[in-house]
Structures are given as structure tokens and as C-alpha cells.
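You will see two complexes here that share chain A, one where it goes with chain B and one where it goes with chain C.
Here is the complex of A and B:
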């Protein structure tokens, strides 16, 4: 059974590498736990995540000529070339199960660090358990801002949180206003789970701080069968910018309903999720040319930083997909954690934590548009700049921030 | 032939021996992961026992018990985080609130019969879920993180040890079982079974059908809410989806249905089989991301229901019949 799991963990290519590994002493491997939803409604995210983590592990364990921490050598030089071994666990989007799995990974599999979890609610309980056992936890792709504000010592997040994402949007509005565009009113449209709630809270606060008028703040039930009443309200408000925070199916329904009711938004600036999914653009992309979505990753970066393209190719060979918002953050989560373990020269939780606190990774050594990776006292990396992407001519182009942008924004939407 | 009184005495002795054995288990099993499974098994056994009072004995199938579970969890958590009320009082408060709400809801819904009643329970639980989703003071969709400040029986918090939770769950399970055992031979127990078999005939014999249903609902909801309060302390984080979603309603009904609906031992038996099966298949084959664990889990349930439609308890009673012959 264990062998089976390893197969999946490391991918077919790494199986051969395991044989000599088994012959060596136990100290030659570093076990890291990875907790994701591998069954249930968000299973696809977890399956893609496995490939992203396997790609990161491959880069660390084998020799690659990339300017990325640990890529050039084999294994972790700080621990005598020890290889990284990943153990995956399934939390089924249930905080209780995430908690139980974290405890199992720590006590049975003896992992020295944990990376997770996609759902923010599961990150709450997994990070609690990590704190109790003094095991460092990296939130690879959770974006709820409340997570790092709980006073936990072993919690770290290299990626941006929702307030940073929304700040990027408002920075963009401010910049457009300076150029003489009229942006006065906003309409918020968000679903009612933790994602939509956090997103709209951040947007309401930013709008008030920066003097934008919110003319509609509409909360709807996720996976709603009909959004007609909600879209009527949006149409009546007819704001300068419509800001949806929706998952894929709701996003598609929103655009379709807008079409049926004859409402064309002046501009749409979306909070990722559904609006960065290919499925949405396959369904209704032709109705919304020029839509802007925030993201944390952009393949446009490959033009400036060729290794991004090459690492993307490695991931694509495993998964058949390009890196997206989630898989890129998952990849970086493991790299940041492994880098800290390497510098700690130990698998002791407290030592790894100290190394994480001391992390200072230049942005050029990542695959992200980030300025750098450096954690504040709450474990949040405030240098993780989000990107804004505009959908134009059937594909996305990066329009902000400057270090990743490849084109000027088309504003207002055509 | 063994008399009814003899059977009841034997049930009590068996229960005592099983509880004593279970109480000793942590001395042998030190692994926290396995202990975690034992805690969940006992908790679901108790919850299913509570569900069985209304669903099994009284025949009112509820698929909305997640509401009472969630109310218990939210009452303790809110009282503790907002007003500093100890969870022990919150637990009783949650139980009382749930029992009252169960009766208030029972007032209109117990006029419905069969499938109509089942649908009403589902819908009401969904309304509860939506309300908590949108109630900002209660954390809305973000949920509530219960601050853990070290081990304490007073605050019922323990950072690493599972033992206090295990013993609480064991006591909870025993209490739920004893209440059922006692009710089985009480006036209420006979009324409930009469209502289940034929409400019109029961009414004509002087059973007050409506009151019987209300009584069963109150006891059942009270115990379910205690379970919810325990779960909140055990996980130390709650959000509407993780304590009030429809799956909890199913997880409370399933052990009783699988083990033997309307029987004393059915819920315990069902939970002992179902919960470890869910947990172990997820942990040891769920990591592949191919859903094999769920396929296996579903297959086992289908096979059991095909082989023993009356519940697993049928395995035991048949053996007994053969022996007595």
C-alpha cells in the first residue's frame, strides 16, 4: 500500500529513484505532508495539486539548471543531499477530517512540515494542529485574510491574501482615474461562502477608504439555480465597474443572465475563481471581451523569465495543463518550505520555523510575479504582488503589476 | 424461550461489559489517529442512538437532525467565545434550545406523514444552514475559531491528548444507550411503537399521537445537540458547512438504518462498522485522488443493505433464534 502511494506521490519517473533511496539510511529523506481535497466536489483541485507538488519535488530531488532554490543540486544539501518525500492526505473539504489527517501525518508518518489545503476552513484546523505539535505549516493557496491573524507561530503564507488581491484592483482603478477615466461607482456581486464573504468585506473597506461609491452589494447563494433577481438589481444600479466574486458555475450563470436581461456591464473586474477558469470562457467568453480578473500567476512571465516556461512544461507533461493560479502557488509552497528545511539543516519543527522566519527569497528566483518572499511577524509574505489579467482576443494578457505586465489595459471594456 | 425481562437484563449486562472493555481500550491503543477514530465512532453511535429514538422507535424519519447538531455546536461556541460561559453550561443550554426548537417545529410538521414529513425536515435544516451562513454576529461563512489555551477540564480543551474526549464520548454513548434502554420499556416506548405501526389504531386505543411525537423529538434533539457541542470542542473550529450540512443528517441516520432501525443495538453496531470504514479507507487509499475509498465505502453499504435489509442486527437475532430452537 505504501509503495502505491509513493508511486502516485512522486510520479512514475521518480519510482526508479526510490530504489536506491530505500537502500540508504532513513536520514536521507525528508518527509513533508500535503493535505488536499482528493475526493468530493473539489477533487480535481487536489489531483492537479498532486502534480504540482510532484513537479516541485522532482526539481528539488534531481539536478536542473534553473535559478530556483534547490534546483541545481540533488536533494537538500543542508541535510547531506536528503531527498524530499511527499505524503498526501485527503481532507474532503471537511475541517474535522483535515485535522485528523494532519494529526496522522505528524504522529504516524512523522512528517516534519505540512503544506495545504485549498479550502480556508480546513486550513484553520490543520494549522491549529500544526501549532500544537510545533510543526511548520505553509498555506500554499488559501487566501482568507483571517488565517494569518490568529497569533499562530507556525503558520506561514508566501502567497497573497484577499485584501492584497483587492488592493491590486483598487490600485488599478486609481491609476485609471489618474489617466482621466471615470470610475466612481462600484457594484459588488459575491457568493455567500468564506471566499465571497472575505472578498466583499475587503472590497467594501477599500471602496470606503479610497472614495468609491458602492451602489450595489449583492450577496447570493452559491450554486444558485437562478440569478435573475440579482442581475435585475445590478442592471438598475448600472455601476461603472461590476466586481464579481464567483466560482465557475455561478460566473457562467451571471454572464448568461446578464445577456438575457440585456444588461451590459460598463466594466468587469473579477476576483479570480470562476473568472480564471477556462470552462467559463469556453461557455460565455465571447460575451465579455476585455474582462479583467486578478490572479496570482501569469504565464506571460515566461517571456521575461524563461525558467517559468520550462517548469510549466514539466508540470504540463504530468497534468496536461498549464500552471494556473492554484497550481503555481502550490508549487511555490513546497519550494519555500524545502528551502527553509535546507537552511535549518534539521527536521526539527522549531529549527525549520526559525529558518522560515529568516526566509528572504528574491522574486526572480520564483515562478511568480512576486517582489520577494519574506514573512512578517504573522507569517504573511507582504511582497507577494498579485497580477491583473485582461481577457482579450481569446486569451489572457497581464496588465499589472509593471514587473509582469506585457500590455496596456484596454479601458473601458470594448 | 427467554422472557422480555430476561432479555432486557441481559442487554444491560452486555452493555456494561462492552463499555468496560471500551474504557480499557486506550491503555492498549496509544496511537492518536486510532483514538480519533474511536472518539468519532462513539460520537456517531450516540448521535445515531438519539436519531433512532425519533426515527426508529417513533417512526418519524428525520433527515434534518443536522439542525440540532449545529444548534448545539453554535450555542456552546457562541456562549464561550462571546460571553465566556463554560462549554459545560453551553452544552446544556444548546440541548435545551434544540429541544424547544424541535417541539416548535414539530407543532406544524408532525401533522405531515411519511415522505412529506421527511421533506419538511430536510427543508427546515437547510433554512437553518442558510441563516447561520448569513448571520454576521455568529461568524457567518467564516465560522468561529475557538481559542485553545492549554489543557483544561473546565474549558473542556485539550491540545494533544484525545483521552478526555474519548471518555466523554464513551459516557455520552452510554447515556444515550441507557436512555433508549429505559424508554424502551416505559409508557413512552410503547406509545412510540404504537404510533410507528399505525397512528390511527394507536389514537383509537388512547395514545395521544401528537404528544408522543413531540416527546420523542425533544429527547432526540436534546441528545443530538449535546453531540454537536462536543464536536465543536473536539474540532475547536466550526463553520455552517462543517456542523450543519446535510451530510450530518445522513451520518446520523445511516448507522441506525444500517445496523437495524428501531432496535437498541442497531445504531451502535452500525457506527462501529461505518465510521472506522470511512476513516480508514480515506486515510489509506484516499491519497490517490481516484475516489477508490468512496467506491469501496458505497459498495459495502449496498452489499449490507442487499444481504440484510432489516439491518445488521438481523445477523445476531437469527443466530439467537436458531439457538433457542
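Here is the complex of A and C:
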């Protein structure tokens, strides 16, 4: 038989088609879905998140001398050294796209677990799909408290939620009042999806319980072309503390519009989101020295726990940015999930879920200021202590709670 | 609610409205000229903002000085888009409306994708400019200087455009082509040239708007989307194809948005705009100043 050109092409095609199969058979791998906004208005978050997850995967798959679960070995020892492979999906901040992408990850990409999603509104639909297919889902960086109260069996969150965060803020207010500062009135400013709504509900309740007067509770449409009307109302209220729950775009526009309308807030204590993003401080940081944001991560921890600084360097080499509240939680999300899969010694959804339920990771083995990672019956980790950070001289300093603080808060804002 | 609050709202609404008008007029012009809705209009605005940003970042040119440069660059861009893309879409034998929609819509997605790839999705802003962050206070009413200058530029641009269309040969050719593209060919006017210049002019106008907006708004690949939506409403309100309609429509949208926010919770402020839009569609479908 002579080999003509067509045979060669066909043969090549057949070999190419079989190659992935062969590769899969040789090195077994664990496929985890990661679902984030990779395009659209919050694409920047997703693109940074990819780097954070890649950093975590690198730590798991390669040998590193850190006291972090799975760092010291290569791959997952419980599954014969299987490597973690991430499949990224783009939900464009749209809950319906999130639903479709989660379904695609599970049915087409055969992922054994999913981590996501930045926007809490998208976490709602993604976690419902995961529940239906018995695939464990970790909310790496969603903070809406209602997420873990929906009776889902496959939902887990290692990080704090907005009630815990808001409680930290009000504890801080109480402490400042004891020191003789005047904090009587609050103005809430929040976007109109589940993140902003849940956050403001938590804050309204805490304000009522602890005797603070909410003089303005302004809900606005996310990604508005203008916030003039909203800022006018904030200005008229002129509360002792302005408490925004805003994503990056609206956060930048809020501060710019405040400047344009001649309104300087007495104090700002922000519910994270846009107020932990470098982009916001690059754009308007000079206008808000002393702004306080809640967080669950602080680079100050590197002084006590050197691996935090080293892992931050790994992330910075990839992204050009320091870990912030989001990228650090994303990193931990994958570590917690991979640790559970490793202990489950299986990629079966129910077995991974059992392992997640049994998770008990000491705080020292994380990059967070948390006491430990241990989930309650609703999948929430109540041992994740939030911190308050103050933006001062171009960087964040931990100012509360007292056990984590490295500096006194500057209050009122300069 | 005090008098100062009301005046402040209306003043802010008027300034924003004049800018909405400037953003929308290019869309109205192109539609009036050749019945093509440019669904990539928001992306034209995005590109203009990025050009202003890069002129500032690399050459330290203030956005105010850069405005004519941005307008010129966007003129070229608009004309090239017509000659390279839209001209061919117009040759479709069947379903020409659909082909045009998909062409400009596809262009929008492509431009967004390229912007995210080359410019990264990071939020940019021009932190230091002559006018940025400056505000004039008149008896408790605050007028941000960039928006104020933007409003003046908008009025000047509309004045120049009016003069251009009514008094120059090319303007008359533009009007004539819009009325009967077949007949102008008989008197020796090159239709393609007129269309290309129309697209260029549309691009230049949105370029001007982009340079002004770069002074006070953040810049990222999707920034055009929310402004484009308002531009479509503005054009539909003012009347498709009417340049003056875009001007009036912009002011109406700005004022309605501001007054809705006074009466209703701010999260519902766009409800007013769409309510007025619906009203116009019911009562006068061709828009307030539409001639079609």
C-alpha cells in the first residue's frame, strides 16, 4: 500500500483526536470550575481572579515550603498526586449567564466542584445549579448573608458575610463613641442587587439595635451614568458616617461626584467591593484619605506570618498587584476546596461534600487573619474574623478588631 | 426639599442633558443620512475616551487640548468603518436591515473585545487635568467645570453643525443624499463619498463627547453601553434623523432624569426617561422633531 497525502492527513487527524485521551489516562487530574465575570463591566475583577486561582493551583500542583494545606507535596496525595486543572467560565455579571455556564461546566467540562463568583446575585443561580447536580460550590468572595440561608446542602463559604462585616463596623463605632467621638447619624448608599440590598438590611438592623440614626438610605442603580441626584441627598443628610456598598465603577463615580458637588463626607466606612480595589484608589484615592473599608485580608499579617508575603509575591508576579480582599479570598477558596477533594480521595460530589463538612483548618495554615475554617450546618464558616482597614498614605493599615490592629484609627477622617 | 436642591438638580440635569445630546447627535446624523442604526455607537464613545486617556498618559496632553485631536482621529475612524465595513453591508440583496444590525452589532462586540485585550479591563481615569475636579459654586448651586465646558462645547458643536448643514455645499449634498440617494447620483454627487463623510462627522462628534467625558468619568471597555442606551432613547425621542431633535432630546432626557430623581427613589430615576420615551412612541412615533 502506498501512503498518499490523504492517508497522512487522516492519520494525523486521528492521532490528534486521540492525544488528549492518552494524556488524560497518564496523568490523572482533578477538574475544578471557576466562574467569574471575565468580560463586561466587572471584567477587571475576573481577570485578577484568574491570577489568584492560578497562584493557588501552582501552590497545590508544585512543591512549596509553606505551612498551607497541599503546598508541600505535588498535586493531591489523596488521589495519587493528581494535578488540579482549572476551567474558567465567564458569567459577565449576569445571573442567567451564570446559570448556563455552571450547567456547561458540570455537564460538558465534567468539573467535580465549582468556585465563584464575585457578584452575590450570580452566586444565587450558580449554587442552585450545583445543588441540582450534587456538585459542591464554594462562595470564595460572595458576602451576602442570605446566600447560606437557603437550605442548600452543597453550598459552602469560608469567608465572612456582610452581617459579620457590618457587626465589625458597628463594634468599631461603639468603641469610638466610648472614646468620646460623636457618631450619631449614618447614611447608607448601596447598589440595587442582592449585595447592596443585603448589606443595607444588615446595617439598618444593626443601627436600630445599637441606637444609631440612619438619616439617608439610598439605593441606586449599578453602573449609573450619573450619581448627581444620589449625592445631593447624601449631602443634604450630611451624616456622621457615610457607608457605601458599591462596586468599583460606582465607587469611583460616587467620590468624583461628591467632589463636584462640594460634599466632603465626615467619615466613610465602606462595605469593601469597590473600596478594596486599586483602580478606585488610583482614580480618586487622593480625595479620600483615611477612608475605612471592611476586609478579610491584610498584608500586615505578613509580619507575623512570612508565607503571606511570599505568596503575595507569587501573585504579584502574575498580576502586577498586591493581594486585596478579593484575590486573597479567591485564593483561599480554591485551597479549601482542593483540601476537601484531597481528603475525600474522590471526585464524587457527595464524598467531597462530606469532606467539606468535616473541614477544620487552623487559621495559621491560611493566609487570612481567621481563627479557623470550619463550616456550620448551613455551610458558613463563623470563625472567619473580619478586619477593618484604613487607607492611609497610599496603603491599607489594619485598625480593628483590637487583636488584629497594628495602628490606631485616625478618626474623624482627615 | 429646598429651592437650592431643585435648582441644583435641574442645573445638573441640563448640563448632563447637553452632553447626552452631543453623544447622541452622531447616531442621529448617520441614521438620518442612510437609515442605518449604528449599534457600535457606544463603542465609538469608548474608543474616543481611550484615545483621550492615552494622549494624556503618554504625551501629557490635557483632554481639553486633545479634544480636536480626538475628534479628528474619530473622523478618520468613522469614515474608515464606513468604507471598510458598512459599505459592504449595504450591498446585501435581501434583508438589508438585518444585515446592517448584525454588522454594527458585531462591530460593537469586536471593538469591546479588542479593547479588553489590548487595553486590559482595568478602570482608567485621568487624574490630573486642567478642569477635572474643579467646581464653580453659585449661591449654593455647584456646577462642575468639566460638565460646564462640555455643555458649552455641545452648544458650539450643534451651532457649527447647523451652519454646516444649511450653508455649505457639502452640507447641502448631505441633505440631498439623505432625501434621495438615487437622484444625487444623477447630478454627479458620489454617494459613497457623502456617506463616508457622514460617518466621519458622526465619529468626530462622539469623539468630542468622549474627550470631554474622559475628564470626569472612568474609562473601561464597557463604558459605552450605558451611554449608548441613553443615546438611542435620545434619538428616538428627538426624532430619528433629526440633528436638532438629538439636541432637544438630550436636554429633555437630562431634565427628566434629574426631576424623576427628585420625586422618586434614585434607583428609579431612569423610569422617568423610559416613561417619556414610551409616551412619545405612543403619541408621536416619529419622535418630537422627526421628519420621517
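Please note the rule applied: the second predicted complex is superposed on the first by the 369 of 414 C-alpha atoms of A that agree within 3 Å, B and C clash if a C-alpha of one lies under 4 Å from a C-alpha of the other, contacts with A are read in each partner's own complex, and residues count from 1 in each chain.
Assume a residue touches a chain if its C-beta (ideal position, glycine included) is under 8 Å from a C-beta of that chain, and two chains touch if they have at least 3 such contacts.
Worth saying up front: this structure is predicted, and the values here are computed from it rather than measured.
Peer 1: Have a look at where A:88 lands relative to chain B and chain C in the superposition and call it first, second, both or neither.
Peer 2: first
Peer 1: Contact-wise, after the overlay, does A:146 reach chain B, chain C, both or neither (first, second, both, neither)?
Peer 2: first
Peer 1: Where does A:101 make contact in the superposed view: on chain B (first), on chain C (second), on both, or on neither?
Peer 2: first
Peer 1: Check the residue A:233 against both partner chains and state whether it touches chain B (first), chain C (second), both, or neither.
Peer 2: In the superposition, A:233 touches chain C alone.
Peer 1: Tell me the contact category for A:47 with respect to chain B and chain C: first, second, both or neither.
Peer 2: both
Peer 1: For A:253 in the superposed arrangement: first (chain B), second (chain C), both or neither?
Peer 2: second
Peer 1: Once the structures are superposed on A, label A:192 by its partner contacts, choosing first (chain B), second (chain C), both or neither.
Peer 2: both
Peer 1: With both complexes superposed on chain A, which partner does A:221 reach: first (chain B), second (chain C), both or neither?
Peer 2: A:221: touches chain B and chain C.
Peer 1: So which bits of chain A does chain B touch that chain C touches too?
Peer 2: Residues common to the chain A contacts of chain C and of chain B are 39, 43, 46-47, 192, 219, 221, listed in rising order.
Peer 1: Spell out the part of chain B that touches chain A in their complex, as residue ranges.
Peer 2: 31-33, 36, 130, 133-134, 140-143, 145, 148, 159-160, 231, 234-237, 239, 241-242, 279, 282-289, 291, 293-294
Peer 1: For a test of understanding, state which residues of chain A touch chain B in their complex under the given definition.
Peer 2: 1, 4-5, 8-9, 38-39, 43, 46-47, 50, 87-90, 92, 94-97, 99-101, 103-104, 107-108, 121, 124-125, 128, 132-133, 144, 146, 150, 192-194, 196-198, 219, 221
Peer 1: Applying the document's contact rule, which stretches of chain C touch chain A when the two form their complex?
Peer 2: Checking each residue of chain C against chain A gives 5, 8-9, 12-13, 16, 112-113, 116, 120-125, 127, 133, 135, 137, 142, 144, 147, 216-218, 220-222, 225-227, 230, 257-258, 261-262, 265-267, 269-270.
Peer 1: Considering only the defined contacts, which chain A positions touch chain C in the complex?
Peer 2: 39-41, 43-44, 46-47, 192, 218-221, 223-226, 228-230, 232-233, 236, 248-249, 252-253, 256, 259-262, 277, 279-280, 282-284, 286-287
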